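Which chain is which? They are A, B and C, in the order written, and residues in each are numbered from 1.
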Amino acid sequence: MRLSVKSFLCSLCLGTLAVARLSEEFNEELHLRPLPDGKLAARFSFSTLLKGATPRHPETLGVEDESQLYTLFPLALGQILREYAVTELHLTLNAGNWNYDRWGYPDEPGVGTGAELWAWMGEGGTVTVDSRWRGLRNALAGLFCASLGSLDEQRTTSPVLTFQPEGSLPNGNASYQLRHATLPSEHVCTENLTPFLKLLPCKSLSGIASLLNPHKLFDADWHGLGVHVRYLESAGVEVRLAFQAVFDPVRAASDKRRDWSLSAVFDRRIERVCPVARSSVIRVRLPQNEVYAIIPSPSTMDKTYATYIVQEVGKPLDVAIIRPEETLFEYLIEPQTHISVHRTLNGASQHAGQLALTITNNHDIQLQTGYLETMPWLLQFYLHTLHAHIDGMPRDDLVKLISYIPPLPHVQPALLQAVLTLPPKTTLWLTMDVVKPFLAYTEHPPDAQRGWDLPPAVFVPFASQNGSETDSDPQLHAVLSDVRSTRMYTPVLLVDLATPDFSMPYNVIIMSCTLIALIFGMVFNLLTRQFVVVRVGEQSS
Amino acid sequence: MDAVSKPALAFESAFTRRSIIASYFLVIFLALPLWWKTTSIERQALPVSRVYAATGRELAFPIHVALDTRNCEVGTDTIVQEVRHHVENNGEFKQNGLSVEVSSATATANDYQVVLRPGTRDPIVDGRKVTVEVAPEHAGVAALQLADTLATLLTPYTSLRSSQAERVVTYSPRYRLAFTLLNEDAAAGNAALSWDVQNALAAQLSPLLERLSVLHNFTIESQVQYHGPLAFEPRALQVGEQIEHGLTPGDLTVFVNSAEWTLSSSVSNDPVLHFVAFIPSSKHSPLRIVDSNGLPTSSNAFILPQWGGIIIHNPQSTGIVPTLAGRPLDTIFATFRQQLSALLGVPELPPHVHARTRGVAGVTDWQLDALVRRRAAENAASAQDTLQSIVRLVAQIEDMPVGEDVKGDVQDALAALDQAYSTAPSSSTEALTFASKAQSVASRAFFNPGMLALLYFPTEHKWAVYAPLFASVTAPLLASLIREVLAWKKERKAKARGPQPVDSQRPKAE
Amino acid sequence: MDFIVTFPALVAGRLVLALSPLTHYLRDDHLLSSPLTSYSRLQEGIYLFKHGIDPYSGSTFRHSPLLLSLFSTVIPLNEVTAAFLWTASDALAAWSLVRIWRARQNVSSSSRDSLIAGLYLLNPYTFLPSLGQSTSSFENALCLLSLMLACQKQASASLLALAFLIQLSLPSILLLLPLLLLLISEPTSHLASPFFFKTDIRRITPLAGQFAAYILLLSGAATLVCGNLNWVEKTWGASLTLPDLTPNPGLWWYFFTEMFDHFRPFFLIVFSVHLLIYVLPLCIKFQHDILYACYLLLGILSIFKAYPTLSDPGLFLSMLSLFPETFPYLHHPIVTALLHLHAALLLPLFHYLWLNQGTGNANFFYASTLVFGMANGAALLDSIWAGLRIAIGEVKEEHEVLQE
């Protein structure tokens, strides 16, 4: 034990020395915050910065690439980024529906159910953006053991309004393209977490990452992992691996109280630091207007946050919040976001239906929201039936269609981008008729009766432009500055398509062909044979 | 039943009937090309005879050896004669496709030069020149000794042990070299947080890679890992006062913990060679390799055949090293260099032969030439095999589509192979280039995905799909055709018998 | 009753129905409108076109560009105009049918006029699709108009109508040859007295040339409307490649739903060529009465075309009223009628059970389409039989006419 403490101290001083010299930098952070419904949101963020690096230019794809010599940067990911000359990349794999009304905005905006991948890539060179996108999908599928390979052209769109680059794009004059695809039926599991952890310098063996215990993570009400690569002009290429989960301390606790601790939530404590982490921070959002105790004493603390610098506090570290006066927690729910969105697919018929959305503005000011649907051709819109209502009154003027790319079976999905105007404190009803196509029997999946998952719609609320009156009101101003382009994902939909009988191919061939041959043969006979008049009756035979 | 006569009807005339039948066949006839186009499987003819003609052909490399006997008392002509004689009797040259020609002419740049000198020292290699010293008392067997030395230098692979041969990786025009600094457990102390890989590569590896660039291109990548646990527990050894830890030969084969170590990704198809510097955790430090008797050996590195090399680095002092650099790193990379050349099949010099300078990255011209010749022969043989497999497979499976691209690839491979054969006498490097091209093109043809299209749809099913419609549709068509032909023949016979009144109707059975 | 009275009455009745809310329920019925004729898809195409999106870049819209330009510029398409338009198209069709009848009888009016118009306007197979605002009603009207004009020897107008029809529906090209022959022969009934084709067959060449010019003209106009050639693949191509497997009362959709991918192109060719194979034999056999050959070809189309709706057999059955002379010679009219009744009950029932109720499966509906195919086949075969048999005329008692 004494030895380990000594080596730890040694590692600490030497570690900081070493890290200072590197051209790579690794920071880890855990953000814990209580949610209004008693749950606990945890967000792990591990970012590695490759200082001074630039993304590969697509025109250099044909020539010998520079050697990739990395220390902290994950080599497996770096290879993929350079092989396909990807400038910015975002991959999220989530399970469950993020409940905006109860939980508010997530720390990581990408919370759409299933897999979502989007990338900005430069144009030029001999290899097209589309073929690099295909390669990128397959490479990431291999890296994360996810079926990202099926994010094919039938699911790929380019919704540039909603998915703006989060970093910078080098050489402002060169043109860049966005590719975006979602696969709502993909479920994140241990098999995806293991390769995710392998990309971390300290894996899940030391530092904050050691809290990533699959048993607890996958038991959470909501969980998702994300890989975000972006280029920052002033810094370099940054890879950020994020894991986000919503835990329910009330469910886990026998006494139905909200008290939590790291060991209760993750079933682990932080035993030792990651030697290469430049910073390693746990930030805990403190309960407001409540009596609570937080142990151990944090490194720094203000009204809203308690911060632990993992290297500085004693180990094993087990942060806990206790509310001694609370006996039973009761829910207090009011919408936590500026707008609330619900999307349903109505109609029992297997060949038509209606897509219905209700969008509620929870504020006293008029808001606008971008509305994005990337719909596979398994559901085809009748755009002429897109209508908006408020309290039963048609208000089509509130919908402004930005762009629409119709779907092409087996080729491309539909892309619908619109801007909706939401009057204060009202609910907008949006309806649109849809048709469901009929698939050949070879196109159905093995469990055809289950139906097909449809990707979430994305909403980006933003403040209305006519803001002359809002300038005067400081409260509204605060709201507006808060309404930043955060993407909100609706839950996914399940559509059931009519199925043929899968045992019928030969029967159908035989029966249809027989009918055709019968009519053909009889027509042929009628046209080529001759009439005879015969005597029938007693004389014959 | 009796038939009764009825009026002759215009639409029952033989002409009407025949034109109706003809119009059916006309449409079918016109549709035939479409039919053909939608049902035929594209099967391009492969150059089968050329593929089989290439069987057994080997690359021939003529070798010129210039014998320099000026410093020797032995008569030049006699010794040339004798060496020739011995070389001809030595089968190894022929096996490797070498036709060695020994002469006393002055050597040109590409010729091998043998300088015979009195003396007792071991042969010394310098460029394509070897200086052989012959003791005066052994002058009688000088020619034999010379021939043997030539054999070991020119065909070093025949004497290779199988274990050495097996670890050589299969040829690829490009390799990825992945260097990993692997700390068993950095958080528990005894670790290196980074390494000065750039300088070490430049100092130790670049000359070798440059030297081998006639054979391969290399992509270099490196990473540092901080947690690379072993999948097994090394055995503890008591060495004097200290506890050491040992890896048995059995442990070495399972040393790589591919479940926990993130060593490679499948981002490209180029084969990867891994080089791992393993720093054991303080718990397992120092870690030694032991022999089968459990005794520590002096070596701390080993090669995993076809995979790469591993070196176990026990730092002088325990604790965290911020950056591994300088001498320890140079030693590690020097070992990596030896492992790389062993993996790539660079032959070792015979033990009794010395190189004058190790300046050219430790690889003499003799070694490099032998390697190039061997790789060329290997690729040519492999391309031949692949081509034959394609031809056999296509002949075996009748429904296998053979597209234009497959045919083109096979032709390209044959052309490249031919070029390899024709350039071999003048330049073994060029022969290698062509042979390697032939091999890669041939295997691309072999793995062409278009050839698999119909592999799983048996012919019987086809009939089950076609029969219901076509059997029942063609039957009345053919029957009427036959009937018409018979009626027409009868008519002609009747006409031949004698002029009869023209009756457009067929005779009726009254 | 007088035709002057009954016809407007019938049309007015149809108009009242068309203005009723019934149309909403029938609009998306797979029996009444196919993806090529659906009103909703037409609306969608017009909407996209008006919003500057190429409607042919998607797969929803498969109507002719001519309809697109008509409704996006000349006539706005809404509930009221649609009711009037479809009623007008039905009225035009019925009126053309009456005019064909008159031309065939070579009279200026007859007592059967009202009956014939009623048989078209009240035929459920034609008026239901029309209430469902399927553009197949336009196809029927154009087809009858073209035949009527051909009977009246107005060659150019007739060929132009046919060219319009082919713009809407490619399989109708089958009618080209009989229509050309009709233009150079008589529409009057000669079924009972067959003869060899009298007119010089080469007279159709200039007519064919004229037709080609119309087709080129209309295609050019369509291309101008769209700005590219996408419409060819999306409208005409659909009849040949069956990209949309939406169920319909025909034989193609389930066959190609279940077909193995490898055989799909081959059977698509076979099914298309199969349609063509009937043209020449029927024209040769009925060279003495080409109008009858046209009628039979419409029967063939109603069974075998790629995207049939109920209005295709409806047209065929309504035209039966033009040939009352064949009625005594029909073999099995009762069987045919019962088969049709059976199919007409089964088709909507099984469609509902499969797609709405979820209690049936695709085979139910497929089986009823087979029954429907048999019913149409029976009607077609009986019509061919009767059209030939009439030439022999009455036979003595205890005698029977057979085909050897």
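Here is the rule we use: a residue touches a chain if its C-beta (ideal position, glycine included) is under 8 Å from a C-beta of that chain, and two chains touch if they have at least 3 such contacts.
Heads up on the chains, UniProt names are A = Gpi16 subunit GPI transamidase component; C = PIG-U-domain-containing protein.
These figures come from a predicted structure and were not determined experimentally.
By number of C-beta pairs in contact, A-C leads over the other of B-C and A-C.
Chain centres here are means of the Cα atoms, and by that rule the chain farthest away from chain C is B.
Taking the mean of each chain's C-alpha atoms as its centre, the chain lying closest to the overall protein C-alpha centroid is A. Annotation: 43 Å between the Cα-based centres of chain A and chain B.
Separating the centre of chain B from that of chain C, both taken as means of CA atoms, is a distance of 64 Å. If you average the CA atoms of chain A and of chain C, the two centres end up 51 Å from each other. For chain A, the set of residues touching two or more other chains reads 509, 516, 518, 520, 524-525, 527, 530-536, 539. In chain B, the positions touching at least two other chains are 4, 6, 9, 20, 24, 465, 469.
Counting partners per residue, chain C has 260, 277, 281, 285, 388, 392, 395, 399, 401 as the residues that reach two or more other chains. Within the complex formed with chain B, the residues of chain C that make contact are 194-196, 260, 262-263, 265-266, 268-270, 273, 276-277, 280-281, 284-288, 388, 391-392, 395, 399, 401. The touching residues of chain A, counted against chain B in their complex, run 3-4, 7-8, 10-11, 14-15, 17-19, 21-22, 64-65, 67-76, 79-80, 83, 139, 142-143, 195, 198-199, 201-203, 205-207, 272-276, 506, 509-510, 513-514, 516-518, 520-521, 524-525, 527-528, 530-536, 539-541. For chain C in complex with chain A, the touching residues are 28, 30, 40, 43-44, 46-48, 51, 53, 55, 57-60, 243-247, 251, 253-261, 274, 277-278, 281-282, 285, 303-304, 354-356, 358, 361-363, 366, 370, 373-374, 377, 380-381, 384-385, 388-389, 392, 395, 398-404. Looking at the complex, you find that chain B touches chain A at residues 1-6, 9, 12, 17, 20-21, 24, 178, 185-191, 193-195, 197-198, 201, 217, 219-227, 260, 262, 264-268, 282, 318-323, 464-465, 468-469, 472-473, 475-477, 480, 505-506, 508.
Note for the complex: chain B touches chain C at residues 4, 6-7, 9-11, 13, 16, 19-20, 23-24, 26-28, 31, 34-35, 38-39, 453-454, 457, 465, 469.
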